[in-house]
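Some structures to go through are shown next.
Each of the two complexes below includes chain A, the first together with chain B, the second together with chain C.
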Partner chain A sequence: MELSLKHLTRKYGEKIAVDDFSAAFAPKVYGLLGANGAGKTTLMRLICDILKPTSGSITLDGVGISSLDESYREKLGYDPQRFGYYPDFTAESYMAYIAALKGIGGAAARNEARWLLEAVGLSDAAKRKIKTFSGGMQKRLGIAQAMLGDPAILILDEPTAGLDPKERVHFRNLISSFAPGKIVILSTHIVSDVEYIAAEIMMMRQGRLIRRGDARTITGIIADSVWEAVVAPDVAERASAGMTVGNIRHEGGAVRLRILSDKKPLDGAVRVEPNLEDLYLHYFEEAAESCAE
Partner chain B sequence: MNKKQEKQFKGQLAQYAAPPPDGQKKQRAIALAQMALKESVVAKTPLLSLARSQARHVSKPLWLLQLAAVLATWLFSKGFADMRQVQSFIFIVVPILAFYTAPEFVKSRIYGMGELEMACKNSPAKIAAVKLLLIGTANIAAIAAIALILRSRYQADFATLLAYGFMPFNVINCATLSAMEIFKIKTSYALLSVSLIASLVFVFGSDAAPLLQNAVTGCSLGSAALLAMLLAFSIKRTSGRRDILIWN
Partner chain C sequence: MCRITRALIKFELKKIAQRRIFLILLLVFAAFAAYNFAGVASRYTYDSSLNRLTGIAAIRYDRDTQNQYAGRYGNAEAAEMRERINAAAERARSESSEDMLIYEGRWKYFLQYETVSDGLSRQNAIEDFIIPEIKSNGLINIYAISGARFFQFADNWKPILAAGSPYSEKLLAMYENLELPLAIEYNLGFENLVKSLESALLFPAAAILAIALAPVFSDEYGAGMAPILLATKHGKRRLIKCKIIAAYLFAIGLFLLTALLYAGFYLLAWGASGAGASIQTIETFRFSPYGIAAWQALLSILGMGFLGFMSIASVALLVSAKTKNSYNALIPLAAIVFLPLIDISRVSVAIEKILLLFPINAVAAADMLRFPIFYNIGGMSLDRIVLSAVVSAVAAAALCAMAYRAFRAYQARN
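Moving on, here comes the complex of A and B:
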């Protein structure tokens, strides 16, 4: 099974949300990483055939997804960023409704829904109205409905937003056990989500795919640019104003800084192994600054 | 297989010691079984099963209001002196069943379910058509029941009574769907309020019903045509997937 995106572009008027995006997806877990507004959600909607591309094509095993129509969507599980539900729905009736839309009926739907609610830790709340759920519970329900019907392609848009650390770990384990033999694409701007479970990471900026590969490969580009230094608080203050500082940690009277710099930034700074967070900072510093503004 | 046969079968199986399973072969068998299962799934959901599943998820108030309108007709449509009063009564009772129709039809857009529904196997247009069939059938059945009750009490022409019933029904739905499109209504309360106002206009304007007496056929046909156009537009919008184009 291969899901292929060729020169995919999606415009909203003059705005280009996805810009000439080409990639092929084989069965494994992909992490789509990008700042807010990078075009991740639009890309997800295009893959789900909810939006039509302005140009370019999406094919599954060589056949256009729009022409595959129902037989494509039958293979699809989607957890959108915004969780919508009808006010009278309980978790159980919500699962039954989605199962019906997916064409799964009867006892199979009930059994699978029960199993999935248990898998996401909602079996005790199955008969509760969704409107009484916390954000984390709603998110877990969103993940459960996406997995209904054992889809071959699972698209998760910001699946861990609003989950606490324990729920995050649980989510990662759930996806890892679900993923074998399937294409799982999860978009996020939370680096640790993809660091643990994604076999391949794709970085998006301004609608374009800027890097892809496993964590070690894609961080190679900044292999010589990540430093750590333990300095006095006043030096740390000056450094964080003028440099790209990834992390600041107070250690007694001193401060440990993690700095991104092409050359040695401070006396005593030592080069360290880069991680995805450093790479994210390297690429999205401008976006982060504009968000902060 | 009955209990006896099951026991016999298990006994026969127990005569042979099964060798420990080869892990790889076991995985392969599981994978092949999964593939066979997937291939055996019927690609198209039968219309009847889709209609049954959708009917379960139509809001209860909609069904209750159909019943309430028929029940109200049964209880309160006694002692009218002439057709004018019958007509006025229809203009009061039909808005009860029409009130929840348009909001129910477009609720996926209001509650943000559209995006998810579009990614599911059964297309939004198919779902909308099934919903329309279900809700429309319920509405027509309720209006027909109201017309039958009134016909049995006042010996009026059934077709004319139906036409009196469809006019407020169509107009209220037209008003609600148009308001949704024109004012970009996005909350359930706003939509229900529009529907309520449209219904109340008919309830309080029921005295003016005789004005439409001569033009009732034309008005009914015109309003039905307008409603059909609006519904087609609404379905087209849903299947055209323009309603969720949100720049993230």
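Moving on, here comes the complex of A and C:
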């Protein structure tokens, strides 16, 4: 199974949300990383065929997804960034409804819904109305409905937003056990989620795919650019103002800085192994600054 | 029908019925019906011994005594009956006192002739007033007193209604072809049924229909469900069909509930008396040129009302599919559904005639029987009833197809 995106572009008026994006997806977990407005959500909607591209094509095993129609959508599970629900439905009836939409009926639907609600920790709340759920519970229900029908292609847009650390670990394990033989694409701002479960990471900026590969490969680009230094607080303050600084940790009277720099940034700085967070910072510092502004 | 389709239709019906506004509207509907039906309890009459009868007993007494003279009256029989009626009326007048029971004579002597007296007056009116009036003055004066919704002294109608105009000539022919003598029967139950049913279908029921169906598609956008639904196997085809089927089932259910509730109530209270009466003998249709009986009028009203309901359902579905939440849908929906009830013939007869073909005016079908309107379509003169039926059926199908496409083509932009 290969999901292929070729020269995919989506414009909203003059604004380009996805820009000439080409990539092929084979069965494994993909983590889509990018700052706000990078085009991740638009890309996912294009893959789900709920948004038409301005140009370019999406094919599954060589056939356009629009022409595959139902036979494509039956392979699809989608959890959008904003979880839609009916406030007066119970979790159980919501799952039964989505199961029917996916063509699963009767006892099979009930069994699968029960299993998934249990898997996302909602079995005790199965008969409660969704309007009584917390944000985290709603998010988990969103994940459960996307996994109904054991979809071959699972698209999860910011699935861990609003989940507490324990729920996130649980989610990561759930996806890991679900993923074999499937294409799972998940977008997130939480780098650690991707780091743990994604076999391949795709970084998007301004609608473009700027880098892809496993965590080790793609961080290779900054292999010589990540430093750590333990400095006095006044030095740390000056460094923060003038350099790309990641983590800042106070250790007694000193400060441990993680700095991205092509050259040795400070006396006593030592080169360290880069991680995804460093890479994220490397690519999206400007975006983060412009968001902050 | 397969299990999945049935399940989806059930879910869609559940979504419609689960909204709080729907329950509130049902209560309004129940209050409206109760108000209509309360009239029965307050009915009273007196028998010929001046014993007071109330409620159902009053209705039954009036019906049974007045139906003694049900039938058709040719000229000779009518003249003979007139003499008896006049004598009874004279006696009633002479024996009525000035005190509280001023109609005592009416109860004692005249009440039994009331239906036949009205029926014969309306029968005479056709030959002695309506036909001569059209020949000399056209339809202007008749329209003015007819109670039809249009032409309340609107000058714009006058050229169309003038003597010798094609319209007047057509109506004249219809009146001249009416089967006389008319069938006379006690028909108050039928008249009340027609009037109450028309108002119930027009206002609470049509409003419930529009408001209940406004969220069918729009709430999916508003609640953020559309992207999830449309990404599922059946989201782009079967779901939309099931939503449309559920909407029509709801419309049919609401229509049947209204029709059966009103018909059931009035038939229980008054019985079927009046079903065979010529519609001209019923006060509200006294100027109608259609040679049909009351039961046929009732079926026409129900048939047209049904088509009107289906059109309103389709309008609601289309507006719903085109708007991003149900509150936004309500304003254009209210405008499309209810504004055509306003008579704008003072501004333009042509526009008024177009508005008369809108769904809500098909629901107000009794109006079509009160006075006909004709449309010149490609040289053919088509009766409003025929054209309304065609327009409603075509509109229902076309708007429903447009709603289907609109939701299917939804683009999850934001």
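Note that in this section the second predicted complex is superposed on the first by the 293 of 293 C-alpha atoms of A that agree within 3 Å, B and C clash if a C-alpha of one lies under 4 Å from a C-alpha of the other, contacts with A are read in each partner's own complex, and residues count from 1 in each chain.
Keep this in mind: a contact is a pair of C-beta atoms (placed from the backbone, for glycine too) under 8 Å apart; a residue touches a chain by one contact, two chains touch by 3 or more.
Just so we're clear, the structure is a prediction, and the values are computed from it rather than from any experiment.
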Exercise. Which term applies to chain B and chain C once both are placed on chain A by superposition, clash or fit?
Worked result: clash
Exercise. So, does A:K15 touch the first partner chain B, the second partner chain C, both, or neither?
Worked result: first
Exercise. More chain A residues touched by chain B or by chain C?
Worked result: B
For this session: For A:N36, decide between first (touching chain B), second (touching chain C), both and neither.
Result: first
Exercise. Is A:G181 touching the first partner chain B, the second partner chain C, both, or neither of them?
Worked result: first
For this session: With the two complexes superposed on chain A, say which partner A:A126 touches: chain B (first), chain C (second), both, or neither.
Result: neither
For this session: Would you sort A:I50 into first (chain B), second (chain C), both or neither based on which partner it touches?
Result: both
Problem set entry | Candidates 4-12, 58-66 or 166-174 of chain C: the single one with C-alpha clashes against chain B | 4-12
Problem set entry | Contacts on chain A seen with chain B and repeated with chain C across the two complexes | 12, 45, 48-52, 69-70, 73-74, 76, 78, 80, 82-86, 88, 93, 96-98, 100-103, 105, 145, 149, 155
Seminar exercise, completed: Touching chain A in the complex, chain C uses residues 3-4, 7-8, 11, 15, 18, 220, 223-237, 239, 410-413
For this session: Provide the residue numbers of chain B that touch chain A in the complex, in ascending order.
Result: 31, 34, 41-45, 49-50, 53-54, 56-57, 59-60, 107-108, 111-123, 127, 188, 241, 244-245, 247-248
Seminar exercise, completed: Contacts from chain A onto chain B in the complex sit at residues 12, 15, 17, 36-37, 39-42, 45, 48-52, 69-71, 73-74, 76, 78, 80-88, 93, 96-98, 100-103, 105, 145, 149-150, 155, 181
Seminar exercise, completed: Residue positions on chain A within touch of chain C in the complex are 12, 45, 48-52, 69-70, 73-74, 76, 78, 80, 82-86, 88, 93, 96-98, 100-103, 105-106, 145, 149, 155
